[in-house]
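Okay, so chain A shows up in both of these, paired with chain B first and chain C after.
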Partner chain A sequence: MGLDYKWVLWNAHKKTYDRLILLGMVTYLVLFFVLSFLTNPEIIAETVIIRAFGSLAIIMLHIILAIGPLSRLNPRFLPLLYNRRHLGVSMFLAALVHGVFAIIQFHALGNSNPIVSVFTSNMDYGSLVNFPFQVLGFLALLILFTMASTSHDFFLHNLSPKIWKGLHMGVYLAYALVIMHVFLGAFQQDTSFLTVLALFLGLITLVSLHVRAALKEAKIDGFVWAKDTKGWLAVCHPREIAESYAKIFTVDGERVAIFKHEGKLSAIHNVCKHQGGPLGEGKIVDGCVTCPWHGYQYLAHNGQSPPPFTEKVKTYALKIENDMVYINPEAFPEGTAVTPISSGS
Partner chain B sequence: MIAGQRRAHKYIWIGILVLLPMLMILAVKDLDFSAADASGTSTDLPVSVSLNGQSVSIQVNTPFKSTSSLVYEMLADGSKGAVLGQLEGRGTYDFPVSEATKGIYVVDPIKDVELLKMEF
Partner chain C sequence: METAITIFLGILSGYFAIGLLFALYVMLIGARKIDPLLADSKKGIRVLLFPGVVATWPFFFAKLFRFRRS
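For the complex of A and B:
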């Protein structure tokens, strides 16, 4: 969390993860090159570069798409989620090398503009199997470029989290385009059933993870709390919430975190304004609720980031009756102060 | 994620699960793999040629190893006529022909080698 923008937000953990990403990429590329030349000595360097970086980008894309559901299914994967942005930019760079070399190799030696050539060298747009697969890869690369170039907090802040998140959900369209790009390419060029099999297994794995995570979330969202006569929901006993930590509940479809700070309870919307991190999975540090993803902070009693920061989340009213914590499902506007209630412990 | 985003994610992945395999299957179906593999004939040949009215359809099953592969029309006397087009990788190529066309030649113009001669 900072007032000014830096090109890259690095801390010790992020530097370690970035080194691991770089090491993994270099190792994969070296192995790919060595194995390619050992198994096919006649292969030319440009072809190996195109294949090595293309396959690396696809593998990284699968890892990136698996991180979200894995983190929702098992918190041990959360550190990967915190560092997903750098992995995404690295994946785009690998895809860019693949795309640039492919365009140079296949489209730069003719009379027409290489980019125009990508779209016009194969005009069989009416066929499914002979569809110009390079166009699909080019469009996917454009989407990945848009995402990589707007991945910085500057754009997140200025575009608004909602628009930014919507823009970055374009990764799913890019994934679909990439899958069809590789699938059709595998049939139109050197038919490789191994490639197709790997793609299909990757697709099944990703869809299974996402559907499983969605079912888990739906189960949490679908829980029905007992209501009192005024519509307040009975959610837990005060002692179930540990000091400086929170418990998360779904109230009218939205997640709410009830924090205990110095023996008093406060409820705020669970979603961090920065990148949608789960505030209730963080803890109170220096008197502030601290998002576990990137350290954005909020005051528990009013949902506001401490000055000079301006982020705000919704707050909720609480009460305790018969040793039970009740929450009013109707949220107050973002940043509304609510007096914390004593938990009695 | 807020509730709307969770819902969007769920529907997007269900869409991907339905759409991508469907597109893949339709693409493979167009290739008619099963028929080719079962008979062991059509994909054994590097190309298969069929005349469809005023056009000739050339299915390239195995790409030619030549640097360039030009398709010429075969005239009534068996000589080479006009260039119909060029063959590249695997795929189906359709070229318009006249009534005088009796077949095709596939020629490597660089080495000046006849790669294929086929009469209708």
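For the complex of A and C:
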């Protein structure tokens, strides 16, 4: 939502989140360095740098992948979602330091090109246990680079939300490569049992969170609403929707958010035009439905962003009969004005 | 396997080399053809966007091609 591109659309929350990210990263690195040199005074600095930044990147990647399902399971985690983009870029930078130092330490001192050496120093590609794990890390880093470098609204706008989202789903492929990179590395090098155990627990936690969130979503999408004679769906009592908030319903396979604003109800498509954020999980701020992800705004009665912005979402007709809110499942075209109905509260 | 690695790294190098040249063109000359909002934004933003254009240049190349045909 903007008339030109800016480096970052700063607000007070974003600055706080970024300070926390920086503080967390610096604290982890300092602790890692101090503990490494205390427990093993013989260790060389390059090795500590590689391990510190590599483990930091993996921890951050786990946090990033956990934020999505956690937010769907509990709205209290939503604030973490707002700044996931900066967390992702920070994670890439940590992974980049790990990768660059690893290539310098293990591949830059020979006769061949260091990148070629990553692929050719171990040619045991047919082996499961001795497979060259550094290649997997390199490929993961390439994916993370593509994602980090396109983490700006310019790319979302120009690549289209569908392609952009597809590109950024590559994080799961990167995660799989990272997991194999570390597990194989552990088999081939002297990595502690605790590292492998922590990674395994992280994997189990992430899979569990994603499955729980998917089951919750499936329950919402699978609900069958009672219909009246005209095909309108009875979705809830008016009092179930809190003032300035919404409830989300799946209507003919589409998610719809019914908002209550100044005691009146309006229904709009639940999917934000920016990054597909769930509008119904946001609230009304300054008279506008405000997406919880990045603050894109829409007027509830017509699904249009306030001028001069141009984003539009579909709208739906509502009615109240016998203290029940009914919705017409046939959507109006994007940006169509619909008179809000009184909720009687 | 060595041949496969050589081909893969050759394609990868070529992809990023073309991306580098294309991103330079977009950032220095073709910004308006890609996105009018970019032309209206501060010039410094192009530094931030440069690596992403290098990484995803085929999408922008297609967009530039469509712009030329329209």
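In this text, the second predicted complex is superposed on the first by the 335 of 345 C-alpha atoms of A that agree within 3 Å, B and C clash if a C-alpha of one lies under 4 Å from a C-alpha of the other, contacts with A are read in each partner's own complex, and residues count from 1 in each chain.
By our rule, contacts are C-beta pairs under 8 Å (C-beta built on N, C-alpha and C of every residue); 3 or more make two chains touch, one makes a residue touch a chain.
These figures come from a predicted structure and were not determined experimentally.
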| item | value |
| --- | --- |
| First (chain B), second (chain C), both or neither touched by A:169 | first |
| First (chain B), second (chain C), both or neither touched by A:155 | second |
| Partner chain(s) touched by A:27 [first = chain B, second = chain C, both, neither] | neither |
| First, second, both or neither for A:205, with chain B first and chain C second | neither |
| Chain B versus chain C as contact partner of A:183, first or second or both or neither | first |
| Touching partner for A:115 - first (chain B), second (chain C), both, neither | second |
| First (chain B), second (chain C), both or neither touched by A:123 | second |
| Partner chain in contact with A:276 - chain B first, chain C second, else both or neither | first |
| Partner chain(s) touched by A:74 [first = chain B, second = chain C, both, neither] | neither |
| Chain B and chain C contact sites that coincide on chain A, given as residue numbers | none |
| List of chain B residues in touch with chain A within their complex | 1-3, 5-6, 8-10, 12-14, 16-17, 19-21, 23-24, 26-28, 30-31, 89-92 |
| Complex contact set, residues of chain A against chain B | 68, 124, 127-131, 165, 169, 172, 175-176, 179-180, 183-184, 187-189, 191, 196, 200, 203, 206-207, 210-211, 214, 217-218, 221, 253-255, 271, 276 |
| Residues of chain A touching chain C in the complex | 2-7, 115-116, 119-120, 123, 125, 145-146, 149-152, 154-155, 157-159, 163, 167 |
| Touch list for chain C against partner chain A, complex | 1-2, 5, 8-9, 34-35, 37-38, 40-42, 44-45, 48-49, 51-52, 54-56, 59-60, 63 |
